[in-house]
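First chain written, first letter: the chains are A, B, C and D, and each begins at residue 1.
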Amino acid sequence: MVKVGVVGVGAVGAATVLSLIERGGMCREIVLVDLDSRRAAGVAADMRYATPLAPTVEVRAGGYDDLAGAAVVIITAGLNEKSGGATDRSDPEGRRRLIGANAEIYAGIVPRVVAAAPEAVLMVVTDPPDPLAVLTRRLAGHDRVFSTGTLIDSLRFRVHLADRLKVRPRDVQAMVVGEHGTSEVLLWSSASAGGTPVLDLLARCGEPVDLIRREIEDDIRFANITIIEGTGASQYGIGVVSALLVEAVLRDERAVLPVAAYYPPYETTLSLVSVLGAGGVQQMFEPAMSEDERAGLERSVVALREAAERALAVLPDGA
Amino acid sequence: MVKVGVVGVGAVGAATVLSLIERGGMCREIVLVDLDSRRAAGVAADMRYATPLAPTVEVRAGGYDDLAGAAVVIITAGLNEKSGGATDRSDPEGRRRLIGANAEIYAGIVPRVVAAAPEAVLMVVTDPPDPLAVLTRRLAGHDRVFSTGTLIDSLRFRVHLADRLKVRPRDVQAMVVGEHGTSEVLLWSSASAGGTPVLDLLARCGEPVDLIRREIEDDIRFANITIIEGTGASQYGIGVVSALLVEAVLRDERAVLPVAAYYPPYETTLSLVSVLGAGGVQQMFEPAMSEDERAGLERSVVALREAAERALAVLPDGA
Amino acid sequence: MVKVGVVGVGAVGAATVLSLIERGGMCREIVLVDLDSRRAAGVAADMRYATPLAPTVEVRAGGYDDLAGAAVVIITAGLNEKSGGATDRSDPEGRRRLIGANAEIYAGIVPRVVAAAPEAVLMVVTDPPDPLAVLTRRLAGHDRVFSTGTLIDSLRFRVHLADRLKVRPRDVQAMVVGEHGTSEVLLWSSASAGGTPVLDLLARCGEPVDLIRREIEDDIRFANITIIEGTGASQYGIGVVSALLVEAVLRDERAVLPVAAYYPPYETTLSLVSVLGAGGVQQMFEPAMSEDERAGLERSVVALREAAERALAVLPDGA
Amino acid sequence: MVKVGVVGVGAVGAATVLSLIERGGMCREIVLVDLDSRRAAGVAADMRYATPLAPTVEVRAGGYDDLAGAAVVIITAGLNEKSGGATDRSDPEGRRRLIGANAEIYAGIVPRVVAAAPEAVLMVVTDPPDPLAVLTRRLAGHDRVFSTGTLIDSLRFRVHLADRLKVRPRDVQAMVVGEHGTSEVLLWSSASAGGTPVLDLLARCGEPVDLIRREIEDDIRFANITIIEGTGASQYGIGVVSALLVEAVLRDERAVLPVAAYYPPYETTLSLVSVLGAGGVQQMFEPAMSEDERAGLERSVVALREAAERALAVLPDGA
């Protein structure tokens, strides 16, 4: 039976599990592991009562050993932006302020996950996901590691573009690449709907396109602040995203999505166009980019490399 | 477009919304109302980013006025067991300790909901749901009021029976009637799987049936304590249940479920077998019961009537 | 990747595939095998264009060899009631008239399926499914064989009861056991809704219950004639049923359903209460029955044993 | 309750109904109308037995009067390519050979549909859909008319591109515009995956792009021949497509899809980028096109205008 593990059953972990249950799909068994084992047990017991209403899935709390045989392990453990004091959105460091604390936590978790589930694909959700994925890859000693990267940012970009275009977000194609964080790059040049660049579609609205661009970038930023002020941290959107990514791996969908994996040409883990399926990210490529976008990506790579170094610093002699 | 309102966007409200979005179905627009308008706005913003991945649903925060035209309004506002100090599970009062505080809150909310959405069906989720549904019906001045009642208890009963029988919970038929609370009645006599009484099926296991009965009742109680100790309060199971009940109303499913509505023969609101569809509960009847079960139901009715009186006491001169 | 084979891609086979694709679930790859390889190729090509709109499933035509590794193989090949001249509904033989022709066809098919997919669960859909399942079990030399049995009959029973009770069919519990054919037994005594016998619920309608019983039995018969006169043979309902049964096996649901498997006490294959999961039917038991129902079941067993003999007669020296 | 009508319950109509039932969504009631009322009754009776397994939908056969109140009416009645003798795929006329016969049939049907359901959106599926939509719009006297157009062709394009790119078809963006027929235009210039032109992605494969283009165009043509030789006509893919389009209207999704509606600048009905929601196509625009593609579109417009004239010729004095 196809098993999925969740390490860290806070708000994001729980939303992911609820979404996995509701969506049915390939997942048949879910094991919840949390430092606070009472929390894991409580969430498992609560979720179980939803299962008669959805395709059969078993949910239970467990220890690391219970991850044995898991096809995917989702790691959401760690401090979030609020508990880690990273809510000053004008701070260029942003989520990177969480690196030290969460890298320590990962250094404790990942070896135990890998010992129990050596074949599992590891999906990093904790902030900042990209440097933590670098650390996870090093700790795991294999390449079946990816992070949720900029997929949630890309969905935000699509939702706000769709608002302006007055169409269904599903039909707007737009990506954010680079860091899931302050250096991320919105790919305006390739964003499209109905086979037509969104910049052309927006231009037809009558307002100056540069103004609309800035407004949409503000919409995204404003929505993020609204979430953080309202509930402390993004959890429902990222939970659904995480469930969907797990399904893409389990089903070997070869989905084309902006999630982050180690990309040898840049010697770090970042979101580009990734093909996600069995084993994790099977292929990556750089999308078409304008010169500005490429320059932005390069800046993001620099920031990510530096952040990765800081994450790796928790290893004994930078191993 | 079919609109659903949610008043009170805590953990239960949010799980309900996530489940409504994931399930698709009839609901097209969801309005979130919360005393803490920043929380409603935060949850709405967060949920929106899940919507490109599911059938089109709009989620937004609003005030009571924005409930205009809603087909169903879900009320989850109020203190929960933990915040209301009702976590001593040996206390025979149980959730009824919350009546005073939550009746006051409902007295403030319901008239505003009814003023904005006079045609809406009102679904009460807040604990204790049955007395609060009596109050809501009085405040609303109409009969399109029901509570989630003992549906979640019935699911728990089914899940733990299924554990023993080693079958899928969906295929175990079992109901809990009466109060969603300490006086609830598990209908062992009519519980069945595959057209066969579960008591017969359990008897084949070799253990004394009375012992197994007690163990299952303990399993249910134990799981509930596990949830409360783990996360403070049941939220995911009840969220999925709430989404499913809303769908039954919107789709006029004429679903046969143990939810609570006003039942004239007993002059109070309690869970019996209810037929749920357009307009709420369209019909109710008493299931087959053993003498003991009937006696238990009568005790539950007494407790519910008294609790309803306490809820109604918030009205000026008991109006 | 989880693979399902379909041998015989007529109307029923195609409806099954469409339903498997639409439902998502565990199935990831579907191989279509048909004597008319052009038909298999045509259906596969047509279905493929629906797949971008549903969870990823690959559908392709193939030969028996391509069934290698299939978890379940669905066999729908053979003459149907119309092509086999079994449409005289007053004929007590009914579908059994197809035994000779379809047993010959199965004798050609099953060994090739088993050679290619020795580990697969085999699901028999072709009429008459129960004797053909006996033959299939003998040819396969293993016990992972079941037929769709009386599940479709049970759904018909539930739908027509629900019509009378004016409730959702999903919430009516009712089973038909014995033969999928003229000797089938409707279990009126255990049919229930909301924990209450349907005979009691129907009695409250005011009409004599015996009259209503006869009318419902006529409704079922009439609907069947309507289907046969309209389209030649039942195909859509049975297609959805087949997809659902496959999912129960793949997901190891331990679903409790009236499908047919070999039941040692009766030394034949018939529908009783079956627990369906990994490996096929894992457990069977006889539901509670009235004396009349039990007598009916015994007559059905006699008819099924005789029919099974006729199916086995295609084997060299009744092997 | 949201009602959908289906006029013409052949293979395509039935596949559409099965898909509507399986998908749940907004549709609550389906009325089947067919010249052969026994066929409609048979399909309805058969489909009903699938409904306990899916969200509540009522399916019934009826006459035109029963379409009253339908939100959408799907018209699939008429000769198909095989019965109409339009299977010579080298014939540049293609589906247009069916115009005469099917326009006569539509002249009989549409006024009766509009008389019964004057507010309904009309969706034309019968071949050739675009000229028949012109005729339908004239007969209906309103603009809530669209055809399935080139959406199925676009899905074919996406599936075969995805084959070459070895990714999930859902993530390939590609459209076919103009006629659903021999003059259709594949928009290679705007086809993309992961924000990158597919022509660039294909170029990386090492083969000359022009060769790959021709091969993909052949793949599409070959698959179509495979379908027609195998089952007589495309039915399952188009059925799923039709169900999805109905849902987009009922849910007011503002989906961005290549379906056909009347486009004033070209004075005919053709597929461009259409925004589909309540009331049908709410907006249309021309996607970005290369010069060759634009020239192809203009040729398609000429063919469509002429075909529309032939369809309109069934009206008394070309009314």
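Quick note on the criterion: a residue touches a chain if its C-beta (ideal position, glycine included) is under 8 Å from a C-beta of that chain, and two chains touch if they have at least 3 such contacts.
The structure presented is a predicted model; accordingly, all values stated were derived computationally and were not measured.
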Equivalent interface to A-C, taken from B-D, A-B or A-D so that over half of the residue contact pairs match: B-D
Chain pair showing more contacts of the two, B-C and C-D: C-D
Between subunit C and subunit B, distance of the C-alpha-averaged centres to the nearest whole Å: 37
Geometric centre distance via CA averages, subunit D-subunit C, whole Å: 34
Per-residue overlap in subunit D, given as positions that touch at least 2 other chains: 56, 168, 170, 172, 253-254
Parts of subunit A lying in touch with subunit C, wherever the complex brings them together: 1-2, 24-26, 28, 55-56, 247, 251-254, 278
Complex interface listing, subunit C residues touching subunit D: 14-15, 17-19, 21-23, 36, 38-43, 45-54, 56, 152, 155-156, 158-159, 162, 168-170, 223-224, 226-231, 234-237, 239-241, 244
Touch list for subunit C against partner subunit B, complex: 166-168, 170-175, 187, 190-197, 200-201, 253-258, 273, 275, 285, 287-288
